[in-house]
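Each in structure tokens, the structures are laid out below.
First chain A sits with chain B, and in the next complex the same chain sits with chain C.
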Partner chain A sequence: MPAYQQINEKMVEVTLNNEEIFAKKGAMISYQGDVAFSRSFLAGQGIQSMAMRAVTNEGYALMAARGTGKVFYAYDGLFVTIIPVRNETLYVESDVLLAFDARLTAGTMFLGNQGGVQGIVRGAVSGQGLFTTTFQGNGEVAILSDGNAIGLPVTPEVPVCVDPQAYIGHTGNISSSIVTDLNWKTFVGQASGESYQMKFSGSGTVYIQASER
Partner chain B sequence: MSTVYNPGNLPSNDNLNRFSFVIDVKDQMFIRKGKMIAFYGGLSFEAMGTSIVDMLVRHAFNAPKYIHDFVVVQGGGQLILGDNGNDLACYDLDAANMTVRAKNLLAFTKDVICQESTLPGFLTMIGTGKVIASSNGPVHFLELPCRVDEQAVLGWADCPSPSYRYDYEHVKGFVSAVGAVTGFTLSGEEKQVDFTGSGTVLVQSSELGLAGSGVLANIISQLSSLAPTELSMLGTSVQEVMKQQRR
Partner chain C sequence: MTRFRTNTDRLLEVTLQDEKVLAIAGSMVAYTGSIKFEKSLLGGEGIFGAIKRKVTSEGMQVMQASGTGTVLFAQNAAEITVIPMSGEKITIESSSLLTYDTSLKTGTSFAGLRGAASGQGLFSTTVEGHGNIAVISKGNLIMLEVTPSTPLRVDPDAFVGFKGDIKQEFVFDVNWRTMVGQTSGESYQHKFTGQGVVFIQPAER
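The block that comes next holds the complex of A and B.
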């Protein structure tokens, strides 16, 4: 299986042993060994997944690296975090996706399935659209963030509220809802500017970045 | 956590933190314009081409395209350099040569000879002394052989000049070939800088966020060799690129 190793905060190394890895287009910065690159549409997934991505605008441009050797990935000087996925589902936005491999099943999820109307509102508020990308199985996903990605643990006793624009993804058995703080001040332009929050409850981890999109 | 520094407790020829570097200036050095953030002592900054430093420049600075990017610092004192929050590192050359991306070259001592590399946008440093360069994220050193995306090459040392390698292996099937022509199936990773032999390659995360006039100077210097028809073709492609960047 492809081994992920963090080189520094902005660079990740993946060791391939006659294997394949999928990464954001243009993210490969160097490689050693016998590795070939090609545009990937299926990304190790089925046709249905590809069609789903195409119609939902979660159509991330991916390229596949295949062979034996080491590949180094980095993107735009953004910070890289390797998120382990252990028999659970990781939800991330497709634009923060750096690299993953075929051990994980990628899918596209309608936010409405996850939190009903609230989920749709969340997508609209955070500017992420109505769909998000999911990964299921056992493996690793490398994601990008502006500043270090911060993992906030969520337990049934301690839910967490985050700014929708700072949210980058979450894992575990978590449900999200929108908390609004709309009152008369909002409408006369005297609001705090923090009128919408996403509240995550359940058990798992929420990832945020120290930057608002 | 936040130390207050004075001339007595500043590090000597070492990093102050990841993003700034302190140089003990004894006589003369070259530094990139605008990268001085503070200094102690009596230092003066002279543009190159002025008579006082001309003798030095003639010997050490052999890259006329970049002459306006650098100044000579003279005197004695402690000079602090910084570059827009990029990581700084110092490389000690000992009768060696090292090539760095011109945009990332911040300073070098006067015994190091600076010449233009055959790869445009890079400068080759030859001799014995210190070279200070910035990078986006910490520098990663790679052993040869390896292939590196052009944007991520910070520099290389002790190895033959690199060449370009085009990876068109996947353009074999008919669909791929059609796609490649239209740019549809390209992976964005078709062209890499290929390093062979032995030595070290310096790799950074991205070249974003560094301004320098080197690339522009390179293009302008070659314009005189173009025919009128070629110039108008260049104008068209400039507009094409501008259109794409606006998107």
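The block that comes next holds the complex of A and C.
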């Protein structure tokens, strides 16, 4: 199984042993061994998933690396974090995806399914579309962030509110909703810049980055 | 008393116990507990201070976070340094001031000719009193000591702020090459003399 190793905060190394890994197109910076790269249309997920992605615009251009050796990935000087997925579902924005392998099942989820009308509002507010990418199974996903990615623990007693522009993804049994902090000042053009937040409650982890898109 | 702590180099964690803190509008990335965010119309400076800001265009879009809980602030993945203050006065570029306690007094000061070259306005923000401030810089904040025998020259584009008993002036390094367009890129500097500390960042705006 492909082994992920963090080289420094902006670079990840994946060891392949006659295996296949999918990564953001153009993110390979060097490799050792006998590895072939090709554009991946299906990303190991079958026709239906691809069609879904094309329709929903949650499109990510992927390339597959296949063979035996070591591949180094980095992208645009962004920080890299390896998130373990242990028999759970990771929800992540497709544009922060750096690398994953076939042990995980990737899918596309309509936010509206999860949060009803509020889910749709959330997509509209965060400007990241109404769909998000999901990973299920047992493995690792390497993600990109502007500044270090931080995992904030969410417990039933302590819900976490997050700026939609700093949100990267989440795992665990978490439900999200939109909270608004509007007052008369917002309506006379004196907004605090923090009028909408995503509130996560339940138990799990929310990942954020130290920057706002 | 509010507690400031850097969670990582780029993330500031402020713990509030029914307290208030002021920050650049839009810099909150996450919070727990019960916190309200409001545009601070006066930035804790009163009507007179607000008018002065308007006139000097050393404008700060400031919001106030109040309540009980923990707030995380970050801005463009910039490095954050917490500076505790006990009575002294710090002069700082308003765009570098991420968060500050409401117990501190802020104002504007005339920065002299420097502004013309750095394009940061002719005025700087001053912070005075007891409390914490969080400063953002592109790259780690570097603190350079200035003593009467060793004055310091700084590129205006890298300048962030200073504290202590320091006089600042504007120096030119212009020769005939500058006039014919062959400039070294370092024709204007900021000279600090006296006793204190100057803050710079390893990047030029």
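Note that in this section the second predicted complex is superposed on the first by the 213 of 213 C-alpha atoms of A that agree within 3 Å, B and C clash if a C-alpha of one lies under 4 Å from a C-alpha of the other, contacts with A are read in each partner's own complex, and residues count from 1 in each chain.
Just so we're on the same page, contacts are C-beta pairs under 8 Å (C-beta built on N, C-alpha and C of every residue); 3 or more make two chains touch, one makes a residue touch a chain.
Source: prediction; values computed, not measured.
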First (chain B), second (chain C), both or neither: which does A:Phe72 touch? first
*Between chain B (first) and chain C (second), which, if any, makes contact with A:Met63: first, second, both or neither?*
first
Which of the two partners, first being chain B and second being chain C, lies in contact with A:Gly147: first, second, both, or neither?
second
**Request:** Considering only touches as defined above, state whether A:Ser38 meets chain B (first), chain C (second), both or neither.
**Result:** first
Discussion item. A:Cys161 in the overlay: touching chain B, chain C, both, or neither? Say first, second, both or neither.
Written reply: second
Contacts of chain A common to chain B and chain C in the A-superposed view none
Touching chain C in the complex, chain A uses residues 146-148, 150, 152, 158-163, 166, 181, 183, 185-186, 190-195, 197, 206, 208-212
In the complex, the residues of chain C that touch chain A are 7-11, 25-33, 35-39, 41, 61, 63-64, 72, 74-77
So, in the complex, the side of chain A touching chain B is made of residues 7-11, 25-26, 28-32, 36-40, 61, 63-64, 72, 74-77
Per the touch rule, the chain B residues reaching chain A in their complex are 136-138, 140, 142-143, 145-149, 151-152, 167, 169-170, 176, 179, 184-190, 192, 201, 203, 205-206, 208-209
